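By written order: A, B, C and D. Residues from 1 in each chain.
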């Protein structure tokens, strides 16, 4: 058939690839997959409501099988066509390297939980945990989402800073929970049974969530807890502040790129400035006529 | 009468229009409407106190009728006179387009709940919900409030960023509530009955409100909850950080505008700079005398 | 006596005035008053502990009388000597204007609650409230505290922004508490008895304190509450973000002032720049020799 | 033996010193000590779990003895070899001054709790408190941790600001807790028994932790509490904001240092700029040929 005839590897590759300038058919395909991902997430959420799941179990199961079928075909097609990308040109090694990219791993995790029980006998608890993994199908959106790509870029750029901050947070949690364990253990042997238990208090306090299920009751514990709140929260807020700044910077960098052409072109004053300087340098024998001509071209060509 | 004679469409338009340089009568009218709006909001708040409402029900009802009367006249006058604005000059289309502006819609919503039950039979529940809409009369203030206009401008400028952040928040809520549902459902079948229920926990935790009505009790749930608090809050704080920065920038931009005349006018040094450059370029035959004269005018006219 | 002889009005004025370069005696006086203020605040705190107050009531009362005596003398001396300041030179009007300055009002409020019951018969409740005012003696520190002066300066500089933000916060609280009142009133007639009651929930939620004494229980209320948390907190965090930035800026401005001399003086490159320009302008007849000489002096004098 | 022969004071000093370019043996030693520190912290945490400690008490005690032995040898070696550092060259005074450095104090505190009971008879309560100090062995990491050094640098640079902010926080806590004590004491005589007790509420509220164990119940108390939340939180968030900014600045300063060479070198335009200016100044007799040559070298040497 004609359609089949046109569906060679390169065409499929470009259809699947998220590319803002790709042809209409590819865009429609993108939208369909996106909608299927969103529908899957909604299905996972609704399935958890017993009153909804039990009467419509067959529908939910059918939808799951349909989704996995589509996602499997999508995954296999991506794996088959990835050799069209010069980076993964090698039929075996290239495909393996492609399968190891974060996006491909997400695609695999989206379908694996469905197939795994067919090959390996699993007990019910693990089966249920596998079903949980379906919610991560939402991560398939990252292939299409500017927001997640932006977040990923921020995380990558700030990975060093985030590491520093997580280290400080862990230190803070360990020290404060140890202190509070020693102070409150005798009075509240359940809530501060041991340091790991006291960490629940430390995290709830330092993050300012403060559920109120655990809190110091002795005067010393309250004084210490108050001090920890006063001093620790400043430090706990560091990641948020750093991430905010990094996020904003990244966004402005992107936005700046779009407006860059006009705002970075030389103003008339700057053009005059450069021209007069070249004239002077020629006059004084620093630059030859040819060199001046070359520079003039650059100045006029850039923003004249 | 003389007064009536003066009240033609243009005069009323300028009286109603929020314009810092408008005549005294218009300013008095502004203050009156503003006070009526504030009185309405206070009335809605006080009406909700049964001990106050029941003994003074007639007063509250009379005040509501009076307010709606004034707001209706105001709305109709605005609709009638908006054609004085060249943007809405067309008697029919212009008025329709004016009625579709956000401020006009707010004005309509402020009076509609009063008239609706006269035309459509409504059951009591909806009637009560309609009365709720009266609190939105407070939004009529936005016509006069610099603060709300500023906020609106910030929102508009950052609409893209806010979209990105809301998307990330929704993702975060979906993933964390799914995880916690699977971990805690067996032990707390009521509080973590299903994923939508677990979302209440997720929002309360990630926003650090932490009411304490729902929290994980299993060790795994606490570990996961602590981790979510540690990692998620940084991300949840992003919108606040971004909005703060944008707000500050917008305010400084405005403040800068007022001080701009002095700080952006060319300093003596800059004037000298430009003049000497023009002299040189003329001397070297790059610019003609006329061209220099034109540029000199610009320099001296701007900040000489 | 010699000491009395030297204690004329000007000397006392300079002794009392908080001036970093004042003589040793004045500095010792400053430290004594500061210590008395801090001791007063500690006394107010300790007095509230019944177990401490009842056995030492006479001591606390004696200390209060002593403190008031010192503060009264201090206040009267300030009022008497303020005419040494040219701003308040007029014996009557100057003193009245001095008495109306914020610092003088704080000084008055620190002693007034002690004397008031002597002139006006007051019932016990008001007497107790007056004793509460003693804690505000801590504000007398603001005369000596760099931190509070800094904070005051930030507040003053940002008064416009803070006003805008408080207005937005009030609006947010009014709208969210009205909405929640209408949604939750039927189910929780006590906690959401009326809009003012619901405001307690709104403030506790929007500030992310979340005591947990009031929270929505209906699905609609939880959805609305979650939405409010998601959207409102960003706006509620605005004042903190704006204040932080303003505070930091103010501190850096101060710090910058110290380092300013070196960083703001013209670099060699800038000196060369200005000199060459002046030479050129003279050469081309734009500036006369005298004008060039004047400018040269300015350049060399500033940062040569 | 050969190994002993090589282990003179200087070699040991360089082995122990945390120096990125030190020889392999020193790096391995670093990693070993680091791992021992981390193992110690984990041991302290696990020991607090009774179900783990009681069956393995001998192991935990043996591990503690081993750790203290290693840390003691490490401390003594550091103390012995510190004279290899010119700063602490004096055998007696230098060693005392070294022992007084923060890192050496931490090292001492890591072992002292073990030896103290051998010399001084201590009651059980203090013995247990001493065991608590073991958790501070985690601070020994600061010798190796870039994150903690960075944090220390930020703290040091901002020590003045942090002091200002802590002073403001203390003031805020004192004033708000006094107010709330006077308002709520009669109704909640336990939770607001006195001002120190009320401070627990003040800290929990101002830090937005809001456990929910204490909160105002009277209408006046709620109004005041809401106001405090509204106004106070902005001020309470100051330290977090200031620390975030300082942290980010410090990190960027470090990162900037690495990229600095390329971004701060003069662009071709800047080179041309400076050359032409020098040429002109020579031409006009402002600079001599030699002076121009010197400057040219600087310009070309820097970024030519």
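We adopt the following convention: a residue touches a chain if its C-beta (ideal position, glycine included) is under 8 Å from a C-beta of that chain, and two chains touch if they have at least 3 such contacts.
From a predicted model like this one, the values you see are computed outputs, not experimental measurements.
Fewest steps needed to get from subunit A to subunit D, stepping only to touching chains, is 1. Residues touching across the subunit C and subunit D pair largely diverge in numbering: under half of the numbers involved belong to both copies. Two chain pairs are in question, B-D and B-C; the one with more C-beta pairs in contact is B-C.
In summary, the interface at A-B recurs among the listed pairs A-D, B-D or A-C; the equivalent pair, sharing over half of its contacts by residue number, is A-D. With centres taken as mean Cα positions, subunit D sits 43 Å from subunit B. Computed centre separation for the pair subunit B/subunit C is 30 angstrom, with centres defined by C-alpha atoms.
Residue positions of subunit D with contacts to 2 or more other chains are 204, 208-212, 237, 240-241, 244-245, 280. By the touch rule above, subunit B contacts subunit C in their complex via residues 41, 44-45, 48-50, 128-129, 132, 135-136, 138, 141, 145-148, 150-151, 166, 169, 199-200, 203-204, 207-213, 237, 239-241, 243-245, 247-248, 251, 269, 272-273, 275-276, 279-280, 283. Listing the residues of subunit C that touch subunit B in their complex gives 161, 163-165, 167-168, 171, 174-175, 178-179, 181-182, 193-196, 198, 204-205, 208-212, 215, 222, 225-226, 229-230, 233-238, 240-242, 244-245, 274, 277-278, 280-281, 284, 286.
Residues 208-212 of subunit B are the ones that touch subunit D when the two sit in their complex.
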